[in-house]
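Read from first to last, the chains carry the letters A, B, C and D; within each, the first residue is number 1.
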Amino acid sequence: MTLNLIYFARLKDTFGRGGETLDSGAASVAELLAELAARGGVWADELGSGRVFRVAVNQTMAGPDTALAAGDEVAIFPPVTGG
Amino acid sequence: MTLNLIYFARLKDTFGRGGETLDSGAASVAELLAELAARGGVWADELGSGRVFRVAVNQTMAGPDTALAAGDEVAIFPPVTGG
Amino acid sequence: MSNFTIRVGHAEFEPGAEIAALSGNPAAGAIASFVGLVRNYGDAAHVTALELEHYPGMTEAELARIVDEARQRWPLTAATIIHRVGYLPLGEQIVLVVVAAGHRRDAFAACEFLMDYLKTRAPFWKKEHYQDGSSRWVDAKDSDDDAAARWMAQ
Amino acid sequence: MSNFTIRVGHAEFEPGAEIAALSGNPAAGAIASFVGLVRNYGDAAHVTALELEHYPGMTEAELARIVDEARQRWPLTAATIIHRVGYLPLGEQIVLVVVAAGHRRDAFAACEFLMDYLKTRAPFWKKEHYQDGSSRWVDAKDSDDDAAARWMAQ
């Protein structure tokens, strides 16, 4: 299935892209994150270990167990620093 | 000695004056209030019984025991309702 | 205390101009403000105007004192207090407090502290004017009782 | 919810105009507001500008949700939230929250509540630009940790 990924702030800079369209078999956020971390390099650094980040699915905050469906918009970003 | 009395808000309306110069022998705020209440009528109504009011001597909040001296500015007014 | 201003008088004020005047200090990232207006309900319906009386001289001295107290409690870079007096029809602005600080919690806390003081302790008195032409001095609310401790009550 | 306005964009705003826009309702006697500015210290000295990024669409939805929550907690007559994004030099205004209510405590509480939300949960990210031309994304503060409960952290 196709997922629409979006990256913000530090992650956008580190990944060198603001987003991508991904053909993925991930059934949950946790599976998607594992798939991305398996790319190694900055992906493993940012998503695989101690770094803190947030995930939103279809613009709603999500957790590791949040299920994914075809066409979902999945945003990954650092903790917010607004205002 | 001479005291400069000032009345504000409801007391100004009730007493029919914004202030007065008084030749008084009152040594304290309590003595001055008793002297004014002894006038009877609205003076006794406002200053002698259950009505709540405040007193400032030389623009500083005062209590019954505050001493008075010649030339003092003594203001008597209802609880404030500002802002 | 040039960054700390107190004005009491009848003249209109412009909140935007007062906020802008405190925005120039690059150390102040947070500006909290409050505007109080004449509203058409509360102690009585059919209010058409308020009339504000104050104790000239003492008002300014008391406000300067409370601004000093706020500065001791919170690190502030600037503050402006404007309180109008006289006849103020429905919808008119009565009071403005603007506080600038490095951090928003300090700005909010000091702004609310100053407003609480203005409402409960500063020597202002409000008279309500009604549609039928009558008027009445507003009684102090029970919530102002805490102020009574330092004042004299018989 | 026509009295409740949310704007996210680069355009400048004028606090006085926004406060005046909420002053027309005769039931609202209390207007609390907050302006956040780019200041020259904090996480690092020599900051010359901030760059604000946000998540278009989600930001507005989240702000609408939090305004609804504020309206459930306090009786408000109106509120305006303006949050700027993009490159904002030192001294520029970043954020404005204006809340109108019948009573000042409600206005203050809701204004601070909305600002707390904007600082800790709304999807905005800040990058600091320095005098030497370098820049750095600002890390979330420890005080933001309470927000983490409803977000995912690995």
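Criterion: a residue touches a chain if its C-beta (ideal position, glycine included) is under 8 Å from a C-beta of that chain, and two chains touch if they have at least 3 such contacts.
Just so it is clear, the structure is predicted and the values come from calculations on it, not from any experiment.
*Asks:* Of all the other chains, whose mean CA position lies farthest from chain D?
*Replies:* B
*Asks:* Roughly how far is chain B from chain D, centre to centre by C-alpha average, rounded to an integer in Å?
*Replies:* 50
*Asks:* So what's the Cα centroid distance for chain C and chain D, whole Å?
*Replies:* Those two chain centres are 25 Å apart.
*Asks:* Enumerate the residues of chain D that touch no fewer than two other chains.
*Replies:* Residues 36, 115, 119.
*Asks:* Which positions in chain A are in touch with at least two other chains?
*Replies:* none
*Asks:* What are all the chain pairs that meet the touch criterion?
*Replies:* Between chains, contact exists in these pairs: A-D, B-C, C-D.
*Asks:* If we count contacts the way the header does, which residues on chain D are in touch with chain C in the complex?
*Replies:* Interface residues on the chain D side: 14-17, 19-20, 23-24, 26-42, 90-91, 93, 102, 104, 107-108, 111-112, 115, 119.
*Asks:* State the interface residues of chain D toward chain A in the complex, per the touch definition above.
*Replies:* On the chain D side, the touching residues are 36, 52-55, 57-58, 61, 83, 94-95, 115, 118-127, 137-141, 144, 147-148, 150-154.
*Asks:* Any idea which chain A residues touch chain D in the complex?
*Replies:* Touching chain D: residues 6, 8-10, 12-13, 29, 33, 47, 51-56, 59, 61-64, 75, 77-83 of chain A.
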